[in-house]
Structures are given as structure tokens and as C-alpha cells.
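Next come two complexes built around chain A: one with chain B, the other with chain C.
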Partner chain A sequence: MNDALLDLNMFEDSYEKCLKCNACVASCPVTGATLDFGGPKHMGPELKRLIDNQQVIDDKRIEYCTLCGNCDLSCPEDVHISTLTTYAKAIHTEKHGSSFRDFVLSNAELVGKMASAFAPVTNTAMKMKPMRQVMETVMRIPKERKFPKYKFKNFNRSFANKVHGSKRKVAYFVGCYAMYNAPEVAESFVKVMNFNGIEVVKPRQKCCGVPMLANGRLKQARKNAAFNIDSLLEYTRKGYDVVTTCTSCGLALKKEYLSIDGSDKAKELAAHVYDADEYLRMLKDNGELNTHLAPMKQKVGYHAPCHMRAQGMGTPAMDILELIPGFNIYDLGAGCCGQCGTFGFKKEKYGISMKLGRTMAESVKNLDADYTVTECGMCKNQLDQLTDKEVRHPMQILAESYERAKQLQTV
Partner chain B sequence: MKKALETEVAVIGGGVTGTGILRDLALRGIKAVLVEQGDLGHGTSTRNHGLLHSGCRYAVRDPEAAVESYQENLILKRTIPGSIEQTGGLFVKVPGDDDAYVRRWLDSCGKLGIPVGEIPLEQAFREEPYLTKEAQAVYQVPDGTIDDFTLLIDVAADAVAHGAALLTYHEVTGIMTEQNHVSGIHVRDTRNGEEQDIYAPIVINAAGPWGMNIAKMAGVPLRIINNKGMLVVFSHRFNKRVINRLRMPGDGDIFVPAHDVTIFGTTGKNTDDPNDFSLNREEMEQMLTTGADLIPEIHQMRLIRAYSGSRPLYQKTAGKGSSGRDVTRGMALLDHGERDGLDGLITITGGKLTTFRLMAERTVDLVCKKLGSDAQCTTREAALPSRKSTDSFSGANLAPAARHKLMNWAGVRTPEFETSLKDREAANVVCECEQVTWAEIDAAIPGDGHLDLGDIRRRTRLGMGPCQGTFCNFRTAALAVEHGKAGTREADCALMRGVKERRKGMGVVATGETAKQLQLMQTIYQVSLGFGNEEEKQHV
Partner chain C sequence: MYDVVVIGQGLSGMLAAIWARGEGKRTAMIMSGAGKIMQSTGVLDLIPGSRGTLDEWMKQYPFHSENKADVLQAVAKFKALTRELGYPYNGDVREPVPVVTGSGHIKETALYPDTVTPVPDRGHAVVVGFQELPDFQPLFISKNLQKERPLMTVDAIRIPLGEDSQRVLTQLDAARLLDQKEVRARCLRRISGQLADKGISQADFFVFPSSLGNEAWAQTLKQFSEGLGARVTEAPGMPPNATAIRLNDRLKLKAIRSGVRLYADTTVTGADIEKNHIRSVRVRMANRATDVAGRQFVLATGGILGGGLEVTPDGIRETALHLNTDGDGRPMNPPDNLFLAGASGGRQLTRHGIVGGVYSLVSSYASVFGLRKTVAGGMAK
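And then the complex of A and B:
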């Protein structure tokens, strides 16, 4: 094990507080679906206690941990369970290396760059059965699994920083998904900010590192964290707020960097990071939010991503969308979607992924709303796979409402 | 009719001394019966540090005990590999400790032939990250650790395999004498009250702190100082090696890694009552303050329990004023025939866990002399089987942590567990802290209908982790009933005894997390399971 990992691992002593109460086990979506995972208590605090400053015990079952963070939320003792499982993943990968597939899946950014450069080809290829058969055989990526589409005109190509000196300034952490797969989300976010008179810049950024952590590639994730921290601090020190539209990126900047980087700089940054809806809710609380929202008579189901819940901020997306007149939003209350980032793209986890997604799919079906809304691109991927409803990001809905309101005014 | 038994030697006391004697007798072909009032190791033998001394600790003050310890250290590493972990040990000098002592210590270790080597501070800090960075010098010594639970069980099993008999939960109620010779002992089964006479021309008093009671029954004078020491258990094993403080031996200066925990101690206070296992919070806090000189984080670390036991120290002219620390750790072998005119009675006391084999050898040498036997001691060479298994239990569906534990635990029972673990349910981990499977617990429940969670704990490590049996004690009791190993009433009683015993050790350390753990445990047992009232009734 490398020294840095050892130090980090040493530093994390919250496992001592575990009372073995099983709250984390009861709240773990994966444990609910399969006994093949040892459960968060064992894979986190229990194992850590056995190996701290002692012989390492590598448990392959840690591959089943999706790092969803439900365990952290449930723990009455504030044991940093998902941090401990992150280290357990790193130890496992350190011992066994990662497969080519996991290497590819964890490199969302690199894949995004390449795939979007050849977007039409990529998207078509991903739908070709022989191609998918090869992928399943060679890479153990299930052929039934839908993939998010890549956009040639990614957000990098379309967006240019424009600075005109607004009171509030936002440094937008776009994230790989809105960058390469859903530039419309990023564009909607910029519009929403502009409707509020807030200028948006896009700092230099790398993948937040969450897919790397999920695949045990801690070293790479730490590199990215260090890069992003430095890059974003340049902005926060100039008075910018860092805002994300991806709840996993948000969780990384707010929480994961505190454990995998642990520096004072990481702490400094975390204090300036907001989820987009959370940011808007804060504007509203301060009386700064533009509330000229056009009515939208729609019935919508909201799916709360795990990494949104793990941020411990309530449900800001619902709070904000409810401001739209006539908008009826219902919490699907279905727990984890089962996609779990890269997890659901793996052949051996596909069954569990589908099993986990069933509750959500049923909930969507029962509600029978006009469409589904969620912040997370990966949750959207699972929703696309399992339901026939359209899936939108809250920023897309808000942007539409603002635009309609503007049209109504001009008319 | 009262039961009776005839043998050559009756051994009183199932601690390491008595058990070691039983094995030595058996290996020399002498018929023997051991009588123990509780389970094996009821007293001092499971209430200590579990330190395999290199002798260094006594090098300055008690060179004789130091040499004995070092020699036995080498023998035990060879002959009892299953219960010894060759961790090595460190002696650490911290600011304020006497430089002159260090010189005398090095000098004495050199003279006694105990290998001591200084190691660079950076290396020590790297290998023992919790060690104080204030350390001024660190020496490496051949200390090790002893698992007294497995030691007792393995030594006793070997004795039984060689024809000896073992009666646990039997207390001695009287010593039979004929004129100036002992002729046996009266015993009573503490669980069913049944009485029994054991006729034996030789009776060995290896009762440790209870030795004076035995002597009194026999009507011979004996003065033993029961020097009670308190120890605490940390929730995880934070040191790789034994960490000693390099100074004149005192309170709170040894940290011993033991399986998945670290044991720290100890204190020394004389007590008159051998059944005094009381714990004192103030005494513990003083000890922790001292310990912080070696391990600064000690106050932030979670303690899971405390326990105490008495060192039976023999002093020929025991003055009342002795504090205990200045009394020799050497052994005392008393021939009451020569000493007091009661032939056939032998007392063996004093000594150390590390020197138990030598104590047994010398005692049995005396027995042989009395019996006119020329059988030679073989325990210097005759090795007990190791506890390690090379087999990986690959046929069982086991978590790596549980497999890791079994591979350092199963030993000769590996084939037995290989078979039982094929049953998926048997491979279920019942005690999560210490990774104990049902297969191990099942094998530790005796067939005689007695269910005792403490007995199971000593044989499997059940409930020894941070939660102290909050969950696994109940699981075990319930599973025992489910598998027809105990009746409901018996399981209830066992559970209440077990929980009460765990609570006692937790109570004294109960601040912070352990206070919460205790509360959780009490809530589960008293509120959810409704055990509280019954327990009170039992106490009336």
C-alpha cells in the first residue's frame, strides 16, 4: 500500500464509534438486494478495526459497494462508513488491480471526450447488437444495458465565459455528464442563472473523481481532487460561489474531498459549494430569486438521487420547482435507482441493478405523471432503461418556465 | 451413594500452573485429577496481560526471575506455538525517565544474555504509528504474547489426551488427612451440588490467590500476598508489538497486542479476598494518565472493558507493609511435609504466566521424588500442535475476515470445521466484532447440557469485541435453543449471566462510546427483550 493511502487510512478513526447497531445495514440498498455484499458495517468500520496498523484483509465483496452514502446518512454515531468503504475499495484495487472495463468506466471524462468527438458514430455503435455482444464478452458490460448518449456539440464547445460583473458570480462545476452527455442541462443552468442576473464562468476542471472512487482508483481520484480544489479556489477567493448540477460532483466537492484530500484547502472549498437547486433556494431565502416563473400545469414525479440525499440538504429541487405555478411534483420515494454510477454497467452487478430499480420503476408507473424529474444523469439512465417516461433535470424545467415567463412579458 | 475416585495426584486449581502440572504428570504417566472451582482460568490465568516476558522487565530488579522468563520464553515459543504470537517487544524511554536506569538495564540484559537491540526512532515511529513522538530511545526485545485462553484449553486437552482427568466447576470443600499425611480431597459440583471424594496420596495446591484457603483446610500455615492488578482493553489492536516503558517496573507501563485488541495495564493493590475482582475508576484513570506518556492518544481511544486479577505472590516473611511490586516474581514450591509435617501436600505459587511450564516441571519433579518415580520431564521438547491452519477453508462460504480468524484459530480442529462449515448456516458469523462463526460456537458448547456464554467466550472469543456481546450473546443463546443444545430456561439464565458479566467490565470504562454501547445493550435486553425484571427477581 502506498504511504499516502496508509496515512489517510490511519487518519480515519470514526470506526471506533460504531455501536454495531445495524442502522447502516438496514439502509443499504445493495444489502437489501443481495447477501453477496458483506454489508456496510462489516465492509466499513468492522474491517477497518481488524486491519488498522495490522495485516490487511482484502475482501472482494467490496466491489458491491456503490458508495451511495445511505449508510452515512443512517449512522447515529456519525461513523464515516462510505469513507471507510472507499478505502476498502482502494485496498482491494491496490491488491488486485482494476479490470480494463473498470478502468474505462471510471474514466468518465476521457471516455466523454472521445465519445463526444465521434458522437454520432458512438451512439449508433452503442445500439448495435454485435457491438454490444462483443462488449459483453470482452468487457462484461451487459448488452441489455442502455448507455447515455454523447453529444458532439458538448458544453465545452458551446460555452464561452462572459464576465460583466454581477453581484453574485458562479463558478460552474459542470461535471462529465452535463459536459458530454447532456449539454442541455448545463445550458439550462446557465440560462437560469442569467435569468437571475448572475454571471457564470466555467473554471478549468477535471472529473470530480466519484467514478474512480467507486472503482477503487483512489490515487487517480486524489489527483483530480487536488486539481479541482486548486482550480476552484482561484474563483472562490475572488468571491465566486461554486455550483454543481450533478449531485455526485456536489457530494465530491462538499464531502469526499474532505476525506480523500483532507487538506485545509479542501475544507475551504467545501464551504463555497452548492447544489444548483440548493443555490436557488438560498437565493429565494435571501429574497434574491427571480420568481417570474410562468405557470406549468404538469404532474411530475421526482426521483431523489442517493448522492443528493447524502448531502443532507433536504430536497431543494422540490422546494424550487414547487414555486412554479400549477406545477405538481410528487416524491417517488423509491430509494436507490440501482444504476449507482458505473455499478449498473457491470455484467455481474446487472441483476442487482435491475432488482434495485424495480421499486423505482413501479413507483413511476403507479404515479403515471407527465414525466420524471431527477438531478442525476445516472439515475436518468436507469429511468430511461426501466420506464417509458421522459426524464428531465430541474434546470431544464426552470429554464423553460423562465423563458415562457419572458415570452409572456414581451407579448 | 457419594461418588469416589482414586488417583495418584489431585491438583487443585485450573489456572495455567495447575493445568501445566496436570499435563506434565500425564506425560510422565502419573495418574492425576485436576479440580477447578469455575471454568479453566477462572482466576488469575485469564486476568492478566497475556505477555510472554523476555525477562527484560525484571532484568534490573529481579535477575533470577528475568533469566527464568527468558529461558521459558524460548521454550514456549517452540512448544506452545498455537498460543504464542512472536510479536517482539519494544522498550521505550520517554523524557523524564532515568538515564541511569537505562544503562543498568542494558548492562543487566547483556549479562543475563537477553538479546536487546536499539532500533532507529524513525523505524519505531513508522512501525508503531501510535507511539509517542517524544520517545528518546527504543530497544527491541524478544517479548511475545500469550493467549491464555487457548493456552489453557490446549494444555488441558493434551493432559486429558494423555489420560488425566479434569473436573471444572468443582470446588474443594475439604482436605482429607490420615495422621501426618494427606489422603485426598472432598469436592462439590458447584452446578448441581453433588459431592465427591477424590483419594490421592499427593495433593497439589495450585489455587493461586485461593491458595491460602486450601492451606487453611489442610491446617498448614501459608502466607500469600494477593496483589490485585487492573487492566483495560482497547477496542482495537493498535500496536504491532508489545510496548513497554523503559523504567523501573511500575503501574501502567505495558501495552500488549492480543488478537484484535490491545491490553494495557496494570496496577498493583493488595487485597485479602481472592474473590475480589473489583474495579476502580480512579485507579484506572491514574493508569491511563501514565500510559499517555507512551501512547499520547490513549484518552481519545475507545476502551471496551476493564478487568482485574490477583497475582499470588509468596513471601517467606510477608510483612504487611509490602506493596507487591518489590516481592519476587519468582516461584515458590513448598513441600508441606518438610515444612509443616503434613506429607503429600505441595503448594506451588508465585511465578509468572511465562514460567508456568517450569513451575509445573519443578512441582512434578518433587512429586516423582515422593512417589519414587524416575520419570523425566518432557515438556521442554514435547510440543503442542499449532493453531494455524494452512488450509484455507475454501469449501466454506466465509467472509475473508472470518476465514482469517479461523486460519489462526482452528489448528487441529481444521478438518472438523471444514466439515461443519459446509453447512451455510454454520458459516454464518454470529459474533461480528471477533468474527466467530456458529460452527465454532457449536463446537464449544459441551454435550452435558450446560450452557455458559463465558465458557464459550473463552473458547471462541465470542463477545470480546467492542460491542461486548450486545448482539452475539443473544444470538448464541437463541441458536443454542434452536439447535437443541439448551432449554429455553437454561438459555435465559446463561444470557442473563453473560450480559451481567459483560456489563460489569464495561461499567467502569463507560464514558463516550462505551457508555452508549452499554445503554444500547441495556435497552435491547431490558426494554426490547424484557429481561430486566427477571434478572432483578433472580437477585432477590
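And then the complex of A and C:
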């Protein structure tokens, strides 16, 4: 037997605790939307029970798993279901191979670098109907699907490390989205940190690996994990906290690396990782947060990304944004957006993606707020596709409030 | 810092969190897993596995008889909440009714949604199963029901839902299929066909899996009862029961939308207790542990089945806060800002492993609003 497959087979015995209670099945967004998916219980603990110490089984129904992690949230026995489905995906890709499309989609970083370098061309081309028709025919990427724009002036180009010796120091894990698509989010985060007197550095980093895991490219994800762990530990060991503005990157550093890397170093790193809002909330709890925020009289809907909820930290974005005077923020409670990273870019999944997104779109419509706020770039992509409200990242709002407060002070 | 920190996300925890938030309290709910509503039948019993009356229940649990009005008020508040959520519960705790379960046995229950209809003594009942759904066996159910209801005529039929599936269907899957009007119409035609084949001319009670629609339960109920010209009921059994999932999903959405902060997939591993007063609880997340501070705490972690209590060779251990407990797992001298909701109060509260939905809702109500004499404290004060 192939060594790689044996390797895939040796991890994880949490499946033994599965009582088949179906809580994961009832909580899985994709299971609710299609009968083509095997469901988290069958694709996770039951498949693992079947193949543990036996011949590896490749089950193509795993293609429908988005790795949103709602199964993990629902399991009363703490079975690591999404870890098991991650391995089922890896087995499938190992045996079946990756399509060119899935290879491209899972390479968010490489695509980001290239698309950013030719940003005006890329963005225009992605809007051209003949181009999209070709993409649909050749790559099975639906022509109706909106894509995030790429920015030429990406965060790599605009940011330079400045060290001035603040008490708290942040090593910023930017992530591909804020790096290449939404440098304004990264810039806002740096501003927010600076308003709190905290220096920000950008360590060497690669894609967190989540898009790779979602497409069964476990080996590549492990390589990226190992690189990021080593790179970030250099900082945490010097007293830096690692902070993310992308909730999927955050989940990878906090949780996924513990299962796909599993080393003591992965554990050491995870303990120092914060979501940006979580970090600010921690500063507030310690009385260190700059609360000089200008009022913003707005009604805002909050969409909680699955990978935010999976971090088990409450809803820090709302906790922080509620500190802005006059700011009214409401949790849409819409569940999964249906974009699910690369999932929603795939022709054969597009119908499910839209079906899932409908609930979210309805809740946005019903609330009828001034705009929507979410941390996740992919949720934003789906919101952009399905709603007519502007979508902002919490850091953009905070930066604006801090800046206005500063202006008011100087006037 | 929260006003109220609820530990546990079953019926007790969810209600305590929603009601505390409704009182304007900043509320957090610490959750390990989806909570036991998911695995429940979705109907709320008085004394599980028993045909006891409200007076017997009040003696057993125990409540002082003068608290009866408070108990009824708590029940009324629960019913009002379910109406607000678009999934109204019926029933009277003073008059429990017989309902049929997914095994065909009859149990008494106090509160139940519109999709559940009390089972009559006589008449002609037909148990309808779906071929794709192995968790609900109509023949087995009909034989058990016949034993329980000797004066009744009970038949069983089985129809295909007729949708291609790549997995074995659950009751919830069937419920989601029945959300579609065409699927319902097709089912009705197939039921009529089967009834004709069996020479059943007029049945007056139809027993279905706990699958009568998920979102569109009201339409399903209407279309089936009108189409069949008879009363219909869900018989909750193997989870996931749509009867329970509807309640769970609506309560959770209510908690989220009203601003309860959900700490999902976390575990409380201890507390910072000073002078018998909890300052914060230790919460283990995926990557590290953190302290969640609060003014008041509700322990709604469940009993032995729910994982709030654990049987060890040295006795029963309370798993979240590590409180000292007596032989039944009842916390002794609990902290002054801690309220016990549901089965976390000790093994003496459970019957056949569960505490019963009515006690869950009444104790949650008590932890938020306080009942005279029975439970110390109450957050409203």
C-alpha cells in the first residue's frame, strides 16, 4: 500500500466516542441542502471506523463537505469530525487526483500574487462574458459567480515593518484575502492597533492552508502549516501575539494545525493566536483598550462566519463594535453563507451554494440595515453576490471611528 | 464581564439564556456540542416514564405546593415564547395526555407542538412509514400500538418518498423533503393507493414519523389532515426528530438574534470561586483556556446523560465547576450566585435518566425570575 495513504490512516481515534446521535447530521448546512452528500456522521466517524487499520476507502461523496466545522460545534462527545472529513478528503484527492480547477482554487496565495500583479487586467477579464463562458466550459466555474477583486497595491507592497518597542507587540497573520483582495482591511487593522499604541509586524507567511484542506491537498497544507508555525514562533518567543483578521486563517492557526501538524510547536503557537476582535476585547477586559471612539449612528447587520463560530470565543466583533456610541449591531443569525471558500466557485456545487445563501440573503433583507459587517472575505463574496448592501470588515469600521474621534479632538 | 453566564445549551440552558437576555442582561452561553434537545423527542414530559399528576410531580421534584401558581406561570411563559417563535406548544401540565412514540408505545406528556396529536382510545389508526427511513418501522410500531390500544384497529403501510439519495435518510431528511408541496402531494397519492390496496376505507388517525415538514410543518399538517380526512400525528423516536429540531433551531436563533453570546465547542473546566461567590469560569477553547467573568451563573450542564454529572468509583462528580456533591450528585452549599437548572441539580431529579421537559423549563424560569421559597435567589431581584 502507498505510504501516503497509510499515513492518512494513522491519525485520530476520537471517532470511538461517536454515539451516532446525528447531532452533526442535523447541524450540517450541506446535509440540509442536498441528499447527494453522505453527511458528517457517515463521512467522518463511521467511515473512519470502517477503515481504521483496514484498507483505505475512497468515498467521492466527501466532495460535498465544505469543512465549515458546524459538525464539530454540534458534537456532544467531542469527536473531531471535521478532522476526520479532512482526511477523507485527502484520501479522495490522493486516489482520485485534483482537477486543474480545484488545484487553482486551492492555491489562493499563488493566484493572489499573479492576479494582483496584473490586477486591472484580471478584474476586467473576470467580468467579460466570453471569458467567463470559457471558464465555465473548461474549468467548470459558473459564469454567474462573482469573484472578489484583486488589488494591484496589495498589502505586501504598501506595508513596511516599523518597530518602536511598544509593550504589546502584534505579529499580523494577514492571510491571502486581506493581502491581495482587501488590503484596506489589513491597513485598517494596522491603524486600529496603532491607535492602541501597539506595533504591528508582518512575519513571513504562506497561505494558512484552509483552501488546500478543503480540496484534499493535505500534504501541501501540512507544508504551509510547518512553514507558518516556524515563522510565527520566532515572534511569539519574543513576546509577540499573533493576530488574524481572517476567521479562517485564525481557525487554521488555532485549531487545524493541531490536527494536521499536531506537533508541540503547533500547540505552542496556537496558545498565542487571537482573532483581531478577540484581541481587542482582551485589551478591553484588561483596561488597555483605547475607547476614544467617535459616535457612528448606524444600524448594522452582523453575519457570523462559520469559522468565527468554530473558534468558540463568543462574538467578539459585536462586543467591540458595540463600544462605538450610537452603533446598533444585530446578529443576523443566518448560519452558513453557502460560499464556503472554494466550494461556491464550483459549477456542480453552485446550486447548493445558492440554496444555502438564500437564508442569509433573506435575513439581510428583513433586517434592512445600513450595511452588513462580517470578518470573512468569502462570506463577503457571497453577500456581495446575493444582497445589495455594502459589506465591511469590523476593522474598517473601528478604524473609521478612531479616525473621526481623532479629527474631532484636533478640530 | 457578563451579567449572566449560562453553562449548557440544552432546553434548560437555552431557556435560561433567552429569558435572562429578555430581562436586558448581557448573557453568554457556554456550549459543548449542540445540546440535548437535538436528541430529545421535542415533547415536554412531567415525570418521564410515569403517568403522574402535577401534584405528584410537585412532591417528587420537590416544589412547595404554594408554588403551583409560579409553575403555571413558568409554563405559560414557555408557551408564549413558542408562539412568538412560530412553533406553538399546546397542553396543560395539570392534564397530561397520551401520545404515541416512535416505538409504538404510549407515553404521557404535558406540552407538545401542533404536529403532535394525543392518541385516541379507539377508532382506526394507520401507521405510515417511509421506505427510505429505517428509523421508523411501521409494522413494529403498529403491533406495539395495538397492544396499548386493544379497542383500536391499527394498520401499517409503507410508502416511498421517492427522492434519490446518496445516504440513509433520517427523520429530519424526510421532514425537509415534505417541506416541498409536490412531495407531500405524491405521498398523499401513495397513501391513498396503499389504503385502497388494503381495503381500508376510512381511518381516523394517522401516525407518521417525526417528519411532518421542517420549515413548512404547518402546511404539511394542513395538507395531510385535509387530504386524509383524519387527525395526524408525529410519533417521535430515533433522533433527529423534526419535532425537537424545530424547537432547537428556533430557540437557538432566538438566542443569537437577541444577542446572547455563544461560546460554541468549548468546555467549562473550573471556576474562580472566592468566599462562595463565582467570579469567573474557566473555559477551554480549541487553542487555549480563557476566563469568562460574570455576575450570575446558571449551571445547565445536565445530569449523567447530559454530561454534567459523572459517575466515578468515588461517587458522583460535578464535571464543570467541580462543586462538592452529595451521593446523588446534588451540589452541596453551591456558590451564592450560582443557579441550578435542569438535571444539574442531582440524580434525585431524573427518572429513567432524564429530568423531563417541564422541570427543565420551570427550573430555568426559577433561575432567571426566582420562585418563592423553592430556589434561592433569582436574577430579577
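Structural remarks
Methods note: the second predicted complex is superposed on the first by the 402 of 411 C-alpha atoms of A that agree within 3 Å, B and C clash if a C-alpha of one lies under 4 Å from a C-alpha of the other, contacts with A are read in each partner's own complex, and residues count from 1 in each chain.
Quick note on the criterion: contacts are C-beta pairs under 8 Å (C-beta built on N, C-alpha and C of every residue); 3 or more make two chains touch, one makes a residue touch a chain.
Small disclaimer: the values here were computed from a predicted structure and weren't measured.
Aligning the shared chain A places chain B and chain C in steric conflict. Legend: residue contacts after superposition of the two complexes on their common chain; A:E77 is shown touching both chain B and chain C. For chain A, the partner that touches more of its residues is C, with chain B and chain C as the two candidates. Once the two complexes are laid over each other on the shared chain, residue contacts for A:C21 go to chain B and to chain C alike.
Within the superposed three-chain model, A:V138 lies out of touch with both chain B and chain C [touch as defined at top].
By the touch criterion defined above, A:I57 lies against chain B but remains apart from chain C after alignment on the C-alpha atoms of chain A.
Once the two complexes are overlaid on the shared chain, A:H42 sits against chain B and chain C alike. Residues 21, 38, 42, 61, 77 of chain A lie at the contact with chain B in one complex and at the contact with chain C in the other.
Chain A makes touch with chain C in their complex at residues 21-23, 25-27, 31-32, 35-39, 42, 61, 72-78, 251, 253-255, 258, 270-271, 273, 285, 304, 309-315, 318-319, 330-333. Chain C makes touch with chain A in their complex at residues 1, 28, 31-36, 38-39, 163-170, 172-173, 176, 239-240, 245, 253, 256-257, 259, 261-267, 283, 285-288, 290, 293, 307. Within the complex formed with chain B, the chain A residues making contact are 10, 13, 16-21, 38, 41-42, 46-47, 49-50, 52-55, 57-61, 77.
Residue ranges on chain B touching chain A, taken from their complex, read 128-130, 235-240, 260, 300-302, 399-401, 404, 432-433, 435, 465-467, 470-471, 513, 516-517, 520.
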